[in-house]
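Next up: some structures, all given as structure tokens.
Both complexes below contain subunit A, partnered by subunit B and then by subunit C.
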Partner chain A sequence: MTEFYLKIKTIDEINIIELNGYLDAHTAPQLEQAIAKLIQENKFKIIVNFSQLYYISSAGLGVFMAFIENIRNNGGDIKFSSTNDKIYNVFDLIGFPLIYEFYKTDEEAINKFKSSRV
Partner chain B sequence: MIKKLFHKFLNFHLSILILLIAFLSIKILFMFKSEFWISFLSDLISIPIVILVVKKFIGFQNKRKFTQIQLLTGFIILEIIFILFSETSLYFLGPTLKSLKSLIIKPTLFIGIISGFFSVVYIFFISIILSILTILFFSRQKTTIKNYYVITIVYFILSSLGANFEKYYDILWIKYTFGTLTIAFFIVLTYLNKWVVYLKRKEKLKVIGLCNILLVIIIFAMIKSGSKEQLEELISLFSSSIVTAYNLIFGMALIYSIVLLILTIFQLPATEVIEKKTFEIESLQNLSQMISKVLDIDELTSFIIQTISKMSNSNYVWLCLYDEKDICSFYSRNNNQKVEIDNIKDKIIQNVAPTSGINIIDLDSLDTELNTNTDISKILYIPLVYGNNLLGYIFLGFDKSTQLEMEDFNTLKSIGEYAVVAVQNSRLLQKSIEKERLEKELEVAREIQRKLLPNESPKIPELDIASMFIPAFEVGGDYFDFFQTKEDEFSFVIADVSGKGISAAFYMAEVKGIFESLSKIIFSPKEILIQANKILCKSLDKKSFVSAVFATINLKSGIFKIARGGHCPIIIMKDKAIKHLRPSGIALGFNCSNLFEDNLEEISFKLNPNDLLILYTDGVTEARNKNLEEFGTDRLNEILRKYSHLTSEQILQNVIKDISVFSQEFPQHDDITMIAIKYSGVKDDRILFKNQNHR
Partner chain C sequence: MNFIKLTKKLSINSSHPGCKLKSAKIRKTFKSKTENLSEIRKFTEDFLISNRVIKEDRENIILAIDEACTNKIKHAYHLASTYDILISLEIENQLFIAEISDWGEKFDPEKIPMPDINENYKNQRKGGYGIYLMKKLMDKIEYKFSKDGENKIILQKKIKFEKDE
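Take a look at the complex of A and B:
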């Protein structure tokens, strides 16, 4: 039920976190640690890929809120990509699209990072 | 002090002893003639004295608990003192004795006193030696030797008494028969002696040494010399029994030393093996005790390290246990040792192969060195494996000369197995304590939540209100409330605090306080949410937020106003038509700038009689079954359509029934909250607006 894992890959200094499974109060600390580690390594450009995520709870949403201020203050961002309808609906209800950028694919998000760098 | 002495005086044994000594003195002073009945009288007085002294000595030993080796040493010292005493006194008395030799046949008072004095010293000496032998016989004795002992003592007394019969009546058999029997029984007693077995190797070596010294002294004391014979003659003036008893006791001491020496020498080679086995068994027992007792991992690790250190004869033992982050944290006897392995531990861990079991790494092959100059040249490691999990390692440092036998490996292996179970147990216990604590905490959280929610739905003529709340095991932080702040205005709120457990419960309490106070002073749902957001922004931590819907209904006009901050849509049913209202709005505590205000929308429309409002938290739509399917909005819509003709209470009951049928035994992971409100129109038949326009 609470099976969850994540993979991180880096493309051109942009870190893509791919989430898998169920992100809830029990699995959220894994994501929290992963992002905290990226920040520690001064990696502030983060894309979160939701294509393999089946469920996200309020605790899961809280993880992004916890770091966004710090990341943006350091010139980085968390961008979301590949959210399926269900996940997007959750984000939408809470009001995430007003604060975070959502993209259909990782490439779009990467391009956005690259274009804003110039 | 005086009182104490007085009490001691009253001591029964002591009184008898004093009485006997008094008798003895009288006897010495007034009856010094060499006659059978006088000697016999001396014996009758001496025997109880010996018995009493032995008893006293045993009583003293029970208090002080001298070890066998101490007793043997005492034996030797006593004998040396005694020999010195008799030799010096003989030296001084020698000439006198020679000149007085004739007087022995016709004794005077002077001779009587000298004879009495030596006799008392002999009696005392015999008593002490007998005491020591007695204590040695009974120490660590499991079989009953009491009968043998008593018989030996009886024969000993009889044989001694026989001496006077020999002297005065030439009856030899009494002395020699009982003397032989005494020695025979004594040999049996000596053979039954067991305490040597329990001694450690070093102690056994000491015993051997002491026996040798004892033998030399006894043989020296037993050699007959002319002056010695004179002394014996002098004593036999008092009573010949004492001389016989003295010789017998020396014979016994001789036999005891010889038998003890032989026994100990024979047992010596096996000692080390027995010692090691005993220690191994004790350690394993201790370890298995540990499994059930120790809670603290630090205590457990230090015990394991100590045990292994003792069993392996290695001073360098390290234990490393993997933590959640897969870092092997090291435990050792002291910090110095911790420092020593710091340098090489990474290399060692790289080089160990957990599947190979116990193995040895040569430090030379690692091209690295220990921090300090220790003589460790190889490191033995024992992987601690539990099922498929590697818990950690035990490392032992050995010098070049140490040769490890197959047996040592097996013992260390079994200790390693015990250690695994103990560590695992300790961890599981820790976990279950933690779990219990969490459960208690959750209970508190549930209690808080239950007390903060309304007990029953308000009774308002224009509205049919029902609410339902089913808490999840881990409190979810759902909140709802009803307010009637003005006569015609009814307002209500439903909210969901992010996260779970006690923090969610406390935030929920705060949320209740905020809405309760704001609802009294502000009457626009949008305005209330804006103010609530401002307050929550300050107090919530970064990753927490609150989704909420605040709504008001004007009971007279049926005007319904609503604002939504990140919460689930509001369902409105008019006849069979269902609408999910989603006025825009971000969750509270999420953004503290104007963004919240700018994006918050308040909508209003007019309710008609029989219009049904349903508010819920995500626990409803996200209820799951065992296939991890969610209940979803479609199922909810379907149910509502089916039951919308019923009362609010009945509708909710049917919804919950369908949810539980859907999720079956699958555990509920979030709070489920639902509010149903049916507008029944103005009861006093006031004209209703026909306007159905709404967003």
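Take a look at the complex of A and C:
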């Protein structure tokens, strides 16, 4: 069985999803459900922390593409933090840096959310 | 020409001590369910590690094989979990070759558009990256469809090996 779990914590109304393990076609639905639930609760400011994610396939990438426009239309964003080289390379191959903001730490991403508040 | 002949002959005897040329092959059948993807990755990784393939090549090959199998589970078998996916892995000198077969719905790779990240953003399209990734990660991809219903994808990549200590 694929090992994957996620944790969500909230700091100043910003939701940080910490991914752990292996994100593939089997485990991507867990992430999909988690983000869908945040949207349902009108929580549109999301940071995804990749520091404990060891593997991502295109099924995982697809989850972010499925929600990003809806989230931005509601004044929010999905920002990425703490991607290791292996994970970032996969994002880079697909062209994600054109669409998503990447930060070294959660704090940097939080500050970006705070500084862009109207 | 003589060199080619010699290379082929030597590769057959690669188990001989001191012979630098590699030749290895392994195959296994997996059921068509996404929960087997981790086992498929482990199967691939074990083969590559035992043949001392460098980490960067291992990671790229493992992801490409995951993408190929995910496509077969989703598109050839439509997530029905009782069908077979046959994976054959081979190293012949500097070349890695994976052959992955299903017996489900024939998949026409020409029908899959190349993903454009900005277009996908507008259309909220979440798929279509698997084939693109495979093309980026591997050197060559071929499809073979046989009359008995076997749909095979062949992935090839020139690989490097860890140096002897």
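Throughout what follows, the second predicted complex is superposed on the first by the 116 of 118 C-alpha atoms of A that agree within 3 Å, B and C clash if a C-alpha of one lies under 4 Å from a C-alpha of the other, contacts with A are read in each partner's own complex, and residues count from 1 in each chain.
Heads up, the rule we're going with is that contacts are C-beta pairs under 8 Å (C-beta built on N, C-alpha and C of every residue); 3 or more make two chains touch, one makes a residue touch a chain.
Nothing here was measured: the structure is a model prediction, and the numbers come from that model.
> Aligned on subunit A, subunit B and subunit C: do they clash or fit?
clash
> Which one hits more subunit A residues, subunit B or subunit C?
Ranking subunit B and subunit C by residues of subunit A touched puts C first.
> Counting only touches as set out at the top, which of subunit B and subunit C does A:74 meet: first, second, both, neither?
In the superposed model, A:74 contacts neither subunit B nor subunit C.
> Regarding the shared-chain residue A:99, is it in contact with subunit B (first), subunit C (second), both, or neither?
Both partners.
> With the two complexes superposed on chain A, say which partner A:3 touches: subunit B (first), subunit C (second), both, or neither.
Once the two structures are laid over each other on A, A:3 reaches subunit C alone.
> Who does A:54 touch here: subunit B (first), subunit C (second), both, or neither?
first
> In the superposed arrangement, what residues of subunit A touch both subunit B and subunit C?
1, 24-25, 55, 57-59, 61-63, 65-66, 69, 90, 93-95, 98-99.
> Mind pulling up the subunit A residues that touch subunit B in the complex?
1, 24-25, 54-55, 57-59, 61-63, 65-67, 69, 90, 93-95, 98-99
> Under the definition above, what is the set of subunit B residues touching subunit A in their complex?
Of all residues in subunit B, those touching subunit A are 474, 496, 498-501, 541-545, 547, 565-569, 582, 584-587, 590-591, 595, 599, 618, 622, 628, 669-670.
> Applying the document's contact rule, which stretches of subunit A touch subunit C when the two form their complex?
1-3, 22, 24-26, 55, 57-59, 61-63, 65-66, 68-70, 86, 90, 93-96, 98-99
> Under the touch definition given earlier, write down the residues of subunit C that touch subunit A in their complex.
34-35, 37-38, 41, 59, 63, 66-67, 70, 73-74, 115, 117-118, 120-122, 124-127, 129-130, 132-133, 136-137
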